[in-house]
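Chain nomenclature is as follows: A, B, C and D, assigned in order of appearance, with residue numbering initiated at 1 for each chain independently.
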Amino acid sequence: MSVALDLFSIVAIVAGAFFFFAGSVGLLRFPDSLTRLHALSKADNLGLGLIVLGLLPRVESLLGALKLLAIWALVLLSGAASAQLIGRALRRRGGDE
Amino acid sequence: MSVLQALDIGLALLVLAVAVWTIAAAEIFGAVVAYVAYGLLLSIVWVRLFAPDVALTEAAIGSGVTGILLVTSGARLNSAGKASAAAPPRLSLRLSAAALAIVAAAALAGVILTLPDPGPTLAPEARRELAATGLGNPVTAVLIAYRSFDTMLEKIVLLLAVVGVWSVAPDRFWGGAPAPLGRANPQGALVLLEQTLVPLGILVGVHTFWVGADEPGGAFQGGAILAAMWMIVMIARVSEPPSVNSRWLRLALIAGPGVFLVAGVAGLGMAGNFFAYPDGFAKPIILFIEAFMLLTIAATLPVLVAGPPRRSPKP
Amino acid sequence: MNEFLLLAAGFIILTVAAGLFRVLRGPGDADRMMAVQLLGTGGIASLLLIASATTVSGVDDVALGLALLAAFASVAFVNGDATDDGQAQEGNGK
Amino acid sequence: MSAATLAGLVGSALVGLGLYGLIVDPQPLRKILAFNLIGSGVFLVFGIVARRGAAAGFPFDPVPQAMVITGIVVAFAASALAVALILRLHEETGQVLLDAEPPAERPNEQEAGK
């Protein structure tokens, strides 16, 4: 059972790390700010979400698991709001940067 | 070389690279952004030094609140003229400054490499008396019990800083309120964030304070998180910075050091020594003091960021 | 397993730090903010991984604090950016 | 080399960097940033003293750590005071640089001092 759980953790964490990688590549390579913003929000939501998912089988207490989920929820919330804020700021400036 | 060592070296190089960028950035805004990134990286370094208490303080105050202080004041400076247009300093000045900096860094590095082994420590003393305080977190015990006098004076330093910031106000504004932190029409996303994040943040702040007795956390970290939440409320313009002669604000600013001082003097009567806590009651007293410190820190940091009064007092 | 977690943490830190190159290059302030936000999220992820692999207690609370303050930084930046928007019209020629 | 020694060396390099920035950069806000870099370098040096004092079942010596925590808060208070002074100076004189040279030599300055 623990081998299966470890395997699950590994798959989820590798997938999460991939999304962080993809987010960074997008941030560096995409041509304009709005597409970069798009790449960033994927890394925020999916990357951290998959890492949290992968770490869930390894926590010992219920509180620990709840904290992990709360961290993800907070990042989702603030990621969504700040993407909106940054997007608006870009549009105010003409979005041509 | 193990994976962990490689991670440490990578982290160290990153911290240095971002610090160089903080100094070398062409614009002030880029420098502040780099400084915030630097604070984030530094808090990971603190975790690697087994100092989660410090990591939390660094993340909240060193990076978060200092970041907003500099962004806000940078914007206020910029709005009057381009502050970034400075002539580069003379080469001779730069060279001699670089030489001085290298000498200072090398001297410090030399000291670090020749530190005695094993290092001197007060950890056994801290461990010995920990049970008497009823606490589980030795850092909190040092802050509120062993070196309580220091911590109280540190609260007074905060108070002095508030007095200093307020006293640079022009006379005609005295008694008024600081300039608002946010812009006139807050965006919907900001208001939504304020409505959802702030209640959660207050919960986390109080939790951080409460677990601080036994785990990493405490009044400093919890207070800094609460302060950040209050600043989000002010940026979203849901509430405005209070005027400097508001009574409740002044009470909140002096509550921490005041209660601390009263508890210290009471120790003289109850336990026979200044700042001594009576046997068996140490933990409740410590938590009581910490609760007021939490309030004071949560009130002081936003007041410092908001700055001196900028509006005439209401008649 | 611990080695793997640390490797993943190191990988994430390095990739998001590569994203910090955007702080250097810009071109806009928004791009700089994005890089810092990515660093914040990546920092949280690698803190969680390091916490799971080593024995430092209380790291999850640090991550929780960082998660709260991640939004704080962007809010501050957008706000500071917006405050000087009025003069940015003619002054911000980049 | 242990993680602690490495962090200490980073700390000393940060002190050097901050010192350079503090002297060279004429913009007051940048000076505050540089000063904070020096401060965090010193805190890191304290941090390794704490880490090396690991004893009695603690992985660190709590005394230097507690001092660093109060230090971070005091450093912030000092920065806030410095910022308030700079903004007031700017308001009074229109000057945005802390420099010995008279501001009239620079065209940008006159613009700023409206």
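In this text, a contact is a pair of C-beta atoms (placed from the backbone, for glycine too) under 8 Å apart; a residue touches a chain by one contact, two chains touch by 3 or more.
These figures come from a predicted structure and were not determined experimentally.
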Most extensive contact between chains (C-beta pair count): B-D
Remotest chain, subunit B as reference, centres from CA atoms: A
Separation of mean Cα positions, subunit D and subunit C [Å, integer]: 21
Length of the line joining the C-alpha centres of subunit A and subunit C, rounded to whole Å: 11
Inter-chain centre distance, subunit A versus subunit B - centres from mean C-alpha coordinates, in Å: 28
Multi-partner residues of subunit A (at least 2 other chains): 70, 74, 77-78, 81-82, 85, 88
Per-residue multi-chain contacts in subunit B, two or more chains: 4, 48, 50, 53, 74, 76, 82, 190, 193, 197, 200
Residues within subunit C bordering two or more other chains: 26, 33, 35, 56, 61, 64, 68, 71, 75, 78, 81-82
Each pair of chains that touches, named by its two labels: A-B, A-C, B-C, B-D
Residue numbers on subunit D that touch subunit B, as the complex places them: 3-21, 23-27, 29-30, 32-34, 36-37, 40-41, 43-45, 47-63, 65-70, 72-81, 83-88, 90, 94, 96-97, 99, 106, 108, 111-114
Subunit C - residues contacting subunit A, complex: 1, 4-5, 8, 11-12, 15-16, 18-19, 21-22, 26-28, 30-31, 33-35, 37-38, 41-42, 44-45, 48-49, 52, 60-61, 63-64, 67-68, 70-71, 74-75, 78, 81-82, 85, 88, 92
Complex interface listing, subunit B residues touching subunit A: 187-190, 192-193, 196-197, 200
Subunit B - residues contacting subunit C, complex: 3-4, 6-7, 10-11, 14, 18, 21, 29-30, 33-34, 36-37, 40-41, 43-44, 47-48, 50, 52-53, 55-56, 59-60, 63-64, 67-68, 71-72, 74-76, 78-79, 82, 181-183, 190, 193, 197, 200-201, 204, 208, 211, 215-217, 221, 225, 228-229, 231-232, 235
Subunit D partner contacts - residues on subunit B that touch it in the complex: 4-5, 8-9, 12, 15-16, 19-20, 22-23, 28, 31-32, 35, 38, 42, 45-46, 48-51, 53-54, 57-58, 61-62, 65-66, 69-70, 73-74, 76-77, 80-87, 89, 93-94, 97-98, 100-102, 104-106, 108-109, 112-113, 115, 117-124, 126-128, 138-139, 141-143, 146-147, 150-151, 154, 157-158, 161, 164-165, 168, 220, 297, 300-301, 304-305, 307-308
